[in-house]
Amino acid sequence: MLEQIVQILKDVRARTPLVQAITNYVTINDCANILICFGASPAMCEAAEEVEEFAGVISSLYINLGTLTEEQHRAAVLAARKASEYGRPIVLDPVACGAISRKKEVSLELLDNARISVIKGNAGEIKSLAGWAGKVRGVDSLDDGEGAVEACQSLALQYRTVVAMTGKTDIITDGRRTCLVDNGSDMLSLITGSGCMAGALVAATVAVADDRVISAAAALAAMGVAAESAAEAAGALPGTFRIKLFDAIYLLTESEIRRRGLVGWL
Amino acid sequence: MLEQIVQILKDVRARTPLVQAITNYVTINDCANILICFGASPAMCEAAEEVEEFAGVISSLYINLGTLTEEQHRAAVLAARKASEYGRPIVLDPVACGAISRKKEVSLELLDNARISVIKGNAGEIKSLAGWAGKVRGVDSLDDGEGAVEACQSLALQYRTVVAMTGKTDIITDGRRTCLVDNGSDMLSLITGSGCMAGALVAATVAVADDRVISAAAALAAMGVAAESAAEAAGALPGTFRIKLFDAIYLLTESEIRRRGLVGWL
Amino acid sequence: MLEQIVQILKDVRARTPLVQAITNYVTINDCANILICFGASPAMCEAAEEVEEFAGVISSLYINLGTLTEEQHRAAVLAARKASEYGRPIVLDPVACGAISRKKEVSLELLDNARISVIKGNAGEIKSLAGWAGKVRGVDSLDDGEGAVEACQSLALQYRTVVAMTGKTDIITDGRRTCLVDNGSDMLSLITGSGCMAGALVAATVAVADDRVISAAAALAAMGVAAESAAEAAGALPGTFRIKLFDAIYLLTESEIRRRGLVGWL
């Protein structure tokens, strides 16, 4: 699978997918910058009056519910419907859907009214959407990982989608094929936006490869390997780590992916 | 008082308070990152439909009026009322209330309708709320400090709250006990968000200690000491300083607080 | 012209213009920080209820349409009208107006209802406003530069304004006098917000100098020279470059402008 991942990462750089993001204002800058460093072209087009027109030119759509305003909510529904019509892949990041009812409602509204290609979330979020009791605290997951694979598979089958659960080990599945990614760094938990950035990168990879499981895995492996490099360069300094993470995503080489990548089928 | 401050900073790290922030979009990312580095768990939950439910799980609430949208305004009022009901401490950052009428009106609306634990502002903001003529220019205070202590004490007594005025010397008072913090760096004025980040940290410390004067002082002392370290590491480079400030807050040790802390009762 | 530029940059630092910005949430933090590093005082005052009052105290207004919310749209129209009444210079950054109809409509609404001092955009945006067919992709211009000068001059004459088109060579013109700036770095395309930051700096320079062509050129030359320094310091690392860009703007000296500045009349 590593060779397929290497190819997908090359394709992102070669094809510069135009990734539209409707995302929270906490990490919107980070998402734009990491997409550029990854080789994609970000467009934070999020006005309700604009998104239907814009759907005609995008490569993929990333929807993150972090600080969803009413206007973003309207735009997200319109954008997702139109992107579905055009066959553009959509990545849904159901931030805090395990802790806040509205977040879960909007997540289900999007799942019911659009063709979501990948749901990317942490254990608490995915378990909540799957109808399992996840352990959450605010926007963070405190889940211990028990039943994680089953929750992902069940959610994926229910919505005929791919589920990518981030955590110490990332789990990516379409319900039948399940892939694990073991890259990453504890430093990712010391910055805000690591989950959002991972989700944005998934939107870039699914834009260039039809196999959603492997393309989502490619994004999470890239994020994980880059985080490892950044942590080595930064030491235990969260501010410095965050800057070096952008550098590391930009510098990521094929040989680094081959050497460090810890991916495999379950 | 230094030992009490050391204990409060330890308690933040040990208890990881969940700090909800309804804050401006200029520095929302900085506030989230500094809270994580400080040992708290930030949640920028700010939708009107979400905040009442979320009030049940938070440790404290930080409200910053910097770029207050209409939706944030509605949410802030609801969140503050509910947090008051639940007895969660609330920190109000009345940004630009000395320069813009609406900012002052919303500040007074919140003070009248909720139990504000700490008002954190610069001299211009605090004097304006206290009904004194402050010197302001846009969002910055040009105040020379005259009458600062009296303005803080008067405002604190008027609203039975704690007032934390940031400046060359920070003043923290409940109207009877007044504490001064002399840490800090001129570099803080070369980045946006130093006031917002200080306010967010106050929301973290008041979540773990009942004495609001000392807990607010702990947050401002931590910010000031970290700024001194960051300035030493960065030199006169504002971009670099901003990154090293996150590192410095994360690295802050008890011995550093004891060695550098310049705090005392008036 | 270099000496005039040096003088304008000195005047910004000496007079600290209060630059109000109504700008997108992707790079709002970058715009605030770069304005501080440049010597200006940023105020992201953007609520419809606040902008008319605030127009009385500002030095200039920067309007960027990047993620224009409905509330920002209302505020921008009110702010631009009031700033025109008060004679404050206004810089319009018509982000994505070549790709999204609403962006072009709002740009024209502002041009028709306010006195815009400078339109700052990339080739795709300027050509679109000028009624020429530009090549755009999302928010980025793919324009090859053909006919760029003519498009700028035509647009400037049409609206009796100054047009500043950023690109490999920046073009600044009032339709009669045309100035070129050849500074910059490819690294600027590896971060989000380089265009927004350039626009914000133009708002700072037009606040201190009546000659809009030379003052816009001064801002773009400063941005370009700083980018060259930052790229030398950072190497090909986008995350690091972004931080060093703030440092470089802050460190910019007269001699550096004189030594590196590549500006001239067409």
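A, B and C are the chain letters, set down in written order, and residue numbers restart from 1 in every chain.
Convention: a contact is a pair of C-beta atoms (placed from the backbone, for glycine too) under 8 Å apart; a residue touches a chain by one contact, two chains touch by 3 or more.
In this text the structure is predicted, and so the values were computed from the model without any measurement.
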- [ ] Specify the contact topology among the chains shown, as one of line, ring, star, complete or other.
- [x] complete
Task: Magnitude of the superposing rotation for chain A and chain C (Cα, nearest 5°) - done: 120
Open item on the list: Nearest whole angstrom, what separates the Cα centre of chain B from the Cα centre of chain C?
Closed with: 33
Open item on the list: Two or more other chains touching the same residue: where does that happen in chain A?
Closed with: 25, 29, 69, 242-243
- [ ] Report the residues of chain A in contact with chain C in the complex, numbered from low to high.
- [x] 18, 20, 25, 28-29, 32-33, 36-37, 41-47, 49-50, 53-54, 57-58, 69, 71, 242-247, 250-251
Task: Complex contacts: residues of chain C adjacent to chain A - done: 24-27, 29-30, 66-70, 96, 99-103, 137-140, 189-193, 236-240, 242-243
